[in-house]
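Each of the next two complexes has chain A plus one more chain, namely chain B in the first and chain C in the second.
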Partner chain A sequence: MQKDNDILLLKGNEAIAHAAIRYGYDGFFGYPITPQSEILETLALLKPWETTGMVVLQSESEVASINMIYAGGGSGKCVLTSSSSVGVSLMQEVIPYMAICEVPGLIVSVQRGGPGLGTIQPSQSDYRQATCGGGNGDYHTIVLAPCSVQESCNMVGLAKELMMKWRTPVIILSDGSIGQMMEKCILPPYTPRRTDEEIRRQCPWATNGLGLKGRKPNVMTSLELDQALMEKRNRELQKKYARIQQEEVRAEHYHTEDAETLIVAFGSAARISMGAIDNLRQQGHKVGLLRPVTLWPFPEKEILELASRMKRIVVVELNEGQMLRDVQWASQFRCPIEFIGHSGGVIITPDEITRKISEMGKL
Partner chain B sequence: MKTPSTLNTPNTPNNSEFSEYNLMDEKTIKSPQNIVYQKPRLMNDIPMHYCPGCGHSIVHKLVAEILDEMGIEEKTIGVCPVGCAVFAYRYLDIDWIEAAHGRAPACASALKRLWPEHLVFTYQGDGDLACIGTGETIQTLNRGENITVIFINNAIYGMTGGQMAPTTLMGMKTSTCPYGRQADLHGFPLKISDIAATLEGTCYVTRQAENTVGNIARAKKAIRQAFENSLQGRGSSLVEIVSTCSAGWKMTPVQSNQWLAENMLPYYPLGDLKNIKD
Partner chain C sequence: MKEEIIISGFGGQGVLSMGKILAYAGIIEGKEVTWMPSYGPEQRGGTANVTVILSDERITSPVLNTYDTAIVLNQPSLERFMPLVKPGGTLIYDPSSILTPPMRKDINVYSIEAMAEAARMKNGKVFNMLLLGGLIKVRPIVSVEDVVEGLHRTLPERHHHLIPMNEEAIRHGMEIIREENKA
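This part shows the complex of A and B:
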């Protein structure tokens, strides 16, 4: 018998698998792809179907995985899948169905270098794929960006809360370095999976037949041949997105109080930037970090407020400048904005960030 | 022919005006003991979008009747396809999930595993099941998911206006093979049920038709057996129903039924391809 609050040394991917079981998820459906296969492997090893009753299925493709999540979530179950860049591209087929049908579900995206097959090294080049849709139509997904193993674990719980609260797909946008690195991780206590009766009560919209004799049938469909009705559904969705933007923005500050230069970075780039900030502060540079924890909704107001009192913003990303556009837009160019990045699986070092910011000189 | 007086008419008031014919009022006619046929309880009372002579409405009715007879609508989940049957959810009063094109078996796999006590079935056409969704179909059946796949084979893409399907017969004309299907240009009509029968995961693979009253009765029996297999966890069941598409085939409903018998059935012969009962 495992003890509650076990503390283990885990990879980010493994932590996600443990967390899914402990947070009471009903099912995982996934297809192998580097660098995230440990999620499926760990679940297969832990055999949660014998303990919590959680279903684990290796699907035939990422296309099948996302359809499994769509159907499972649509029936009121709490389900997740995971993949990496090219695999997540395949999933774009059905994420829009989930958005418009308001189906909860978690997609863990452990990014590698692209485009195409690219590399298996860490990257953040799927920022736009995650935050700007990626599939067809006017939709968003909530995007959470962990920067540690512990946060990867915790976000599986947060994602469950958010996806059920807002009835929306949620993406955890990890990457090959967060997924593969090992750190101490405090695992959460076990939350029991919901009973059929709890699902019936909490998800009266779900397509599971429960209580059908006392209600109208539930149907999950994105199809609406009447264009006026389709627009109405779109407008309702936009209203929900506006509320999510009001209520769910999350960002973390590091030494921003007295900063004159602000680094904006997420996930592993933020983690690396923190090392650079410690170096730069020792050299007398007042540098701070704003780390968006939710990439959508994006912390626009905080960036605008910080841009108004900074001398410079430096966006650091493991891509060719994707979040950069959102930072430029949010800051309304109230200060100069620089970019430091690497792509294709090349990881930036704290020393490089330190050197480049030092070279930018005084403002 | 029966005269009205030979029908069972309990508590019929003695109405002198009509006593000569002993006519019944509407309530009496609709009393349970007089009903020999009615719209299935689980079918909605709305106009169908299907064309005259289309096979879908017949199979919808069979599914509705069987679910009612089995009394399992509170633990049934249907998965609709993309194609003409995309609106199946409008006509059958059960919970439905509409899958993306070809993905219904993947949806059903997850649903059955998450709701192991439920009846989970997909309802798919040939383009959906045997073309864009071939991967999902084969993999789901090969895993032996305890679901039923109802497969309507009318050898054409109906909803998009009559294009060539994987099941289109050799020489058959469609809007994307207007000179007839040719092997060198289009390959061969796919007998996906024959493939399904070779998979370890399937327990029941059968090919039925809906062109005659007798075939409809046999198709109903087959769907019922498939549903029972699914509930009893015997493995995957596939019921192919060779159907007409009078609009796509550009024929009258009567001609379609004849054409089906003369052209479809020789290539897609009816009967069980596999039936493991234990």
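This part shows the complex of A and C:
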């Protein structure tokens, strides 16, 4: 039974801050940028260092934040940072280091319009940055895309589980609208932070000096001068990614059972599409939605299966068509694929989606 | 039950906090709620608006094209949002900041002299509570009691002594709202 004070009206950003404390994260390191500054602000307001002992630090830059995550995760701690588009670009250097060294860590990316400084309005134009990696080398990050305040909260818990299970950086890909809007949020009960003893047992690979007696020091480096050895490490990483693709795909269906047109959309675009689907169904159009919850691993099999029985797929995104490529590829073009989108911080409305799909006519 | 509301006016008028208190009252009544502000490089005196949705069921799109109820507190807001009120819906305006009164005959129109009344009460800060009172009088989507409980939850404890004054303003707002047109 939840207490009343665990049900709050929160912004998506605030929910992430509350969730980080309650799920027992050890530290947050971040630098302010609109539209995600409430994460750092809320943490400063809640002062978790006085209660759970969680560290909250405003770093000098995004590059510093991500290096602090690399170090924190490397020592077996559960840590996170957050930023927005142009700030996340600055972090790209270190994410591949974390991937190859198998260091857990959470990066919350609250997207705004781009490229460059762009606008401070909501956008989804960092889909490729998150899923294809803005950094170098053969690596992936698990990418979770919340579509509500409650899901923003829950995903902080899911990210902790996944990053520790798979020893990999995880990205929560939110955006300005989910970060700034307020909704009812049921906060989880407090999970205590892990003790040093628990970290020693769960993370024998960590470079924290715990239990050094009787074992060799752990070394963490991305540098491997022997190319054959580097390839071996890459191959091992690929095996792990294959298992993640097998086990961790998540997607939500909305009226797909009898659908003839399938919208594929994630995050805020998925929420807006659901509104359009309600309108379209009232007009007699059989439209459904597949919402990838994990953007990597991508729900390829589900899209292929759905594409085989749809008359048309419409991809809706707040960008110029980024996930579109993944949908085209996953569907193997078994049905025609259309795109509806806006970029630069312009938000699509349910009516626009409704009108454009109505105008596409029968197939 | 589902009510889609837009509240639009000048920054600093308490538009966003009025929406927040309304949303909190919805949560207390076990409803799903969404509060979506316009945000940007905005300032006191600029335009500000917030979309509030209260529903018994899961809320799909937080972005809307049309509204059940619009509360407009200046002329630009009236011009922008009056055409977007659904036929049979409700429009509430404050005549002190509206030059051309709303003309639509297919919606319910109410006026509330909140600004003048707040000035008369020598307390500009209760302006938005007068409006909130007017709103829940003509659209009883949440109870006064739950709105007051919402105030308890949104205001920091050091401001709780102000709640009786706000409650009085809400109840006063319920009395001073006037019907201008019935759809």
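We take it that the second predicted complex is superposed on the first by the 358 of 363 C-alpha atoms of A that agree within 3 Å, B and C clash if a C-alpha of one lies under 4 Å from a C-alpha of the other, contacts with A are read in each partner's own complex, and residues count from 1 in each chain.
FYI, a contact is a pair of C-beta atoms (placed from the backbone, for glycine too) under 8 Å apart; a residue touches a chain by one contact, two chains touch by 3 or more.
Just so it is clear, the model here is predicted, and its values are computed rather than measured.
Colleague: Are chain B and chain C a fit on chain A, or do they clash, once the structures share the same frame?
Modeller: fit
Colleague: Between chain B (first) and chain C (second), which does A:E60 come into contact with in this model arrangement: first, second, both, or neither?
Modeller: first
Colleague: Treating the CA centre of chain A as the corner point, state the angle out to chain B and chain C, nearest 10°.
Modeller: About 120 degrees, rounded to the nearest 10.
Colleague: Where does A:P32 make contact in the superposed view: on chain B (first), on chain C (second), on both, or on neither?
Modeller: After superposition on chain A, A:P32 lies in contact with neither partner.
Colleague: Once both complexes sit on top of each other, what is the least C-alpha distance from chain B to chain C, rounded to whole angstrom?
Modeller: Superposed model gives a least chain B-chain C C-alpha distance of 29 Å.
Colleague: Could you give the residue numbers on chain A that contact chain B in one complex and chain C in the other?
Modeller: None.
Colleague: Spell out the residues on chain A that touch chain B in their complex, using ranges where they run on.
Modeller: 26-27, 29, 55, 57, 59-61, 63-65, 67-72, 74-75, 77, 79, 93-94, 97, 206-213, 217-223
Colleague: For chain B, which residues count as touching chain A in their complex?
Modeller: 73-77, 79-80, 86-87, 89, 93-100, 103, 106-111, 113-115, 118, 135-136, 139
Colleague: Quick one: which bits of chain C touch chain A in the complex? Just the residue numbers, please.
Modeller: Touch residues, chain C against chain A: 20, 23-24, 27, 32-37, 39-41, 59-65, 153-154.
Colleague: Hey, which residues of chain A end up touching chain C in the complex?
Modeller: 7, 9, 35, 120-121, 176-177, 180-184, 268, 271-278, 347-351
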